[in-house]
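Look for subunit A in each of the two complexes below; its partner is subunit B in the first and subunit C in the second.
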Partner chain A sequence: MEFLRRWWKVVVLGLLLVYPWIYRAPYYHSLGFKVLLFAMMATSWNIMGGYTGYKSLGHSAFYGLGAYLVAIAANDLGWHPFLSAPLLGLVVALVAMVLGWIMLRTSGSAFVISTIAMLLIFRLAALNLRGITKGAPGMSQPLPPWTPEFSRMPFYYYMLLWLIIALAVSAYIRRSRFGLGLVAIRDDEGKAEMVGVNTTLYKVLAFGLSAYFVGLGGGVWSYFTTHISPIFAFDIVVGVDMILMTMIGGLGTLWGPVLGAFVLIPSEDFILFNFGSTSIYLAIIGALMIGVILFLPKGIIPTVEMWLENRRTPRAAHQDAMSMAEMHGLVDTFDKEKGK
Partner chain B sequence: MTVMLRSESVSRRFGGIQAVDNCSISVEKGTITGLIGPNGSGKTTLFNLITGVYDPDSGDTYFEDKRITDLIPSKICHQGLSRTFQITRLFWELTVLENMIVPIRQVGVRAMLGPNMFRHEVDRAMDLLEWVGLTHLKDEPARKLSFGQQKLLEFAAILMADPKMVLLDEPAGGVNPTMIRFIMNLIRELNSKGVTFLVVEHNMGVVMELCNHVIVLDQGTKIAEGSPKEIQANPIVLDAYLGN
Partner chain C sequence: MHFPSMNVLVQVAVVGFLTGGVYALMAAGLTLIFGVMRVINIAHGALLIFSAYISYWLFTLYGIDPFVSVVVSIPILFIFGIIFQRYVLSRVESDPGLGVLVTFALALTLEGVMGSLWESTGRSVRTAYTSEVIKTTLGAVNLRLPVVRIAGLGAAVVALVVLFLLLKYSNTGRAIRATIQNRNAAQLMGVNVNRIQAVTFGVGLATIAMGGALFSLIWSFNSGSHEEWISKMLSIIVLGGMGSLPGAFLAALIMGVVEAVSAVVMTSYLSPIVFYLILFLTLIFRPQGLMGVKIRKG
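What follows is the complex of A and B.
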């Protein structure tokens, strides 16, 4: 138990590293890739939606933008997606900051609606700018040079690397002064501004950062599927999935989005396989969501933490009472009398 | 005497209500100035205009002879002008210590990417917490504090920004008499160290005892100012409060 508590990250990383060699069918490699991809994107979304409290429903726009940029760079410039995705992610982040600077004048539900509007505009543009995006039929890009049976494995490891980087960035931010400012904004934005936090700057930076990894993820995904079209690249469900994962795992926690992705994607696949591609799988997912919201409204990680804390509480409450008593000079006399 | 803060004929209208109407006030350096007036006379709106929460429809505000009218609130705070709120506002989910750290001035990328608290900042925060008697609560979330403790924390936290001047919105509102005395002593102690105060307060006992200059607002404009004694005897002020 103590061993696990100290080394669980290493254990999980080890399991993830050997996983493709234990489950060797391409399907498992695809599944693993998808889990890691969404874990990374949900981690990224969480910087804005969880830490800062601005829940964007339009992050698919950055996913699609990354996908198209990488595909166009591969076709027209011959850039390899694994190299261009992290670079073009920066372009996506820049676009997000410019748009965020406008959208972040709103907050609450108005912000959510403006992000949906942004997504729809991107989608409309992708459908109609045929010269650049080839319109509704979509565009293809060169296939990976690897043999088909191994073609999924490089994606898997590449995504694992980026998930670790995204988590490191998220953890670093959470512990930095910047992250403290973001959480302060979530708590009371007006007050944060009033005590000297430049809230506009903080929000715009957080928005750009949360778009970066999503854009990168979209780019890698476009290489993975080799063919992208507006309805799949700018699909609102991608963004909604990131939010669901974060909510299931624990909004605003470091590991919540990752845990959510590891729970949601395999269970979606499992249900889809067992009940066919009829719409019943949507109903089952919906029922699961209601269950989560009813019984784990704060997500898995905060709920488990609360249980653990409650188990420890009797002692903690006792300690509180003792320290209060000590402050009022009660314990001292009591202990002395007992000592006699 | 030098002027610390001066508002020149500021006005602000909300729909059909002229909340602040061509109001000019000035606060001298090193004083504790009271700002009184009946409910709805525009005291809090004036605070909001000074600190940049609202932009005035007309008029200008100068802090240490620098025009601050168009600055955003965080920049005004960086100039050395801090405030508290009528209804206490804290970062409820953050701990007491984190609430103290947020107001520390953060400039540049390096400060933002640094750790969320440096040793010397924690030491300073703990000194201030000890001063207001909240040391033992440093790791509690702010929402768990009692009302009086919240007021003390809000007050202590804004001091982390080293303000030259503090605007207090009803520091004695809803607080028991012992705590009022405690807060008044804190204000006096800081004032003796050179911090200027502008205090909105309804408790006349506090205003008369604490302030060395009083400004009276009514219907969004200044109707009188002077020493507490003069104000108490001023018939215009009595009219404003009691109606005529």
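What follows is the complex of A and C.
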């Protein structure tokens, strides 16, 4: 136990490194790639939705934008997606910051619907700017040069690398002044501003950062599937998946989005494989989302942590729970329950 | 872009105006719910499609006209609304962001359920009077007005008047308006705010049942259509000023005309972008809309 507690990250990383050699069928490599891709994108969404408290439903806009930029760069300029995705992600982040600078004048539900409107504008633009995007049929790009049986493996390792980078960024933010500012904005924006946090700058930076990895992910995904079209590139469900993963694992926690992706993506695959219907999948994630919000509002990680703490030291349990709650920004809920 | 003749433009604008009346009914429940509960019901579009399906199946299987089948769909949606508010929405009212996510999740669930039950073919109710038109003149312009749209506008106006009278003169209506104005004060005056919220959600869904019946006569739909329609309704209530019924009515008529005109000017593929741009820009630069209060924060 003690060994696992200290070294679990190394153990998990080791397992992830050998996984493609244990499960050698391309199907497993694709599945692994998808899990890592979404873990990275959910980690990225969490910077805005979890740390800062601004829940965007329109992150698919950045996913689609990244996908199109990378595909166009590959077709017209011959840029390799593995190199261009991190670069063009910067363009996506810049676009997000400009849009964020406008949209972040709103908050709460007004912010949520403005992000939906943003996504729909992007999708319509992609459908109609036929000169650039080739319209509804979509566009293809060159296939990867690797032999078919290993064609998925480079994607897997490439994504693993970027997941680690995204996690490192997320972890660094949590401990930095910048991250504290973001959490302060989430807890009480007015007070944060009063104590000298430049809330507009912080929010715009966090929004840009949370768009960066999503844009990058979209770019890699477009290389992975080789053919993209507006309906799939700007699919709102991609953004919903990020939210749901983060909420399942634990909103505003470092590992929550990753855990959520490892739970949700394989289940999604299982459902699609067994029922063969996207409609049933939609119904299930919708119901799951309601269930998570109602019955597991803190997510798996904070719930388990609190439970473990309580078991270990019953006397200090309350205090621990309080500080834990404070960390995850749940103090309000606690005060309420105490008052009952 | 191309600019059609005056004749076409007037014809299109008048039909757009008729459509705007139906939009007003569709948006009324959404803005009412926001006014009372400060929650944006993203599931409104999916519930619209769901009630349109009820009308469609009652017509297809039993030949019941959508104007009659509302006696079935209104109670179903009213009761569903009360139950959903009571057991789901009321539990997340502390965080408006979560409220939006919950209703969004409901929309996904409904889309999924409808998509698995029924095929994705576009459906619409085709009655004997569906393709009838009334010919009339306005000044020098000859107009051809589809009967269903006139009937739709008529039914929408009747429903909105009933809603208005209920809000204005019944005790529950007074309590609803009081809650919109000031929730805490209403509670102190003895209004059971929790009950009022549940009733409002039920009433909001009842109006969408009526809207769905008209919808099934005019447009074709499948389970995925709700995304497009919720965006239209959202831009209407945001433009009108969230929570304001007169604002929604005015904005619906404006948007009906703007949409119809932009469809001939810009092609109907691109015209929805007008809705999204209006939604986006109003939220950001005039969050109180035409007739509402500021909602930028909250």
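The criterion applied here is as follows: the second predicted complex is superposed on the first by the 296 of 340 C-alpha atoms of A that agree within 3 Å, B and C clash if a C-alpha of one lies under 4 Å from a C-alpha of the other, contacts with A are read in each partner's own complex, and residues count from 1 in each chain.
The rule we apply is simple: a residue touches a chain if its C-beta (ideal position, glycine included) is under 8 Å from a C-beta of that chain, and two chains touch if they have at least 3 such contacts.
Quick caveat: nothing in here was measured; it's all calculated off a predicted structure.
Peer 1: Report for A:Arg105: first if it touches subunit B alone, second if subunit C alone, otherwise both or neither.
Peer 2: Second partner only, subunit C.
Peer 1: Go through the superposed model and pick first if A:Gly196 touches only subunit B, second if only subunit C, both, or neither.
Peer 2: A:Gly196 contacts subunit B only, not subunit C.
Peer 1: Of the two partner chains, subunit B (first) and subunit C (second), which one does A:Asn310 touch, if any: first, second, both, or neither?
Peer 2: A:Asn310: touches no partner chain.
Peer 1: Applying the document's definition of touch, where does A:Ala117 land relative to subunit B and subunit C: first, second, both, or neither?
Peer 2: In the superposition, A:Ala117 contacts subunit C only.
Peer 1: Name the contact category of A:Ser279: first (subunit B only), second (subunit C only), both, or neither.
Peer 2: second
Peer 1: May I ask you to name which of subunit B and subunit C touches more residues of subunit A?
Peer 2: After superposing on chain A, more of subunit A is contacted by C.
Peer 1: Which partner chains sit in contact with A:Asn128 here, subunit B, subunit C, both or neither? Use first/second/both/neither.
Peer 2: Touch status of A:Asn128: second partner only.
Peer 1: Should A:Phe178 be classified as contacting the first partner (subunit B), the second (subunit C), both, or neither?
Peer 2: first
Peer 1: State the interface residues of subunit A toward subunit B in the complex, per the touch definition above.
Peer 2: 172, 175-181, 183-184, 186-188, 190-200, 323, 327
Peer 1: What residues of subunit A sit close enough to touch subunit C in their complex?
Peer 2: 53-55, 57, 102-103, 105-114, 116-118, 120-121, 124-125, 127-128, 236-237, 240, 243, 277-287, 289-290, 293-294, 297, 332-333
Peer 1: Which residues of subunit C touch subunit A in the complex?
Peer 2: Answer in residue numbers: 38-40, 42, 88, 91-92, 94, 96-102, 104-116, 223, 227, 231, 234-235, 238, 269-270, 272-273, 276-277, 279-280, 283-284, 287, 295-298.
Peer 1: Which subunit B residues qualify as touching subunit A in the complex?
Peer 2: Spelled out, the residues of subunit B in touch with subunit A are 51, 53, 72-75, 77-78, 82-83, 85, 89-94, 98, 101-106, 111-117, 136, 157-158, 161.
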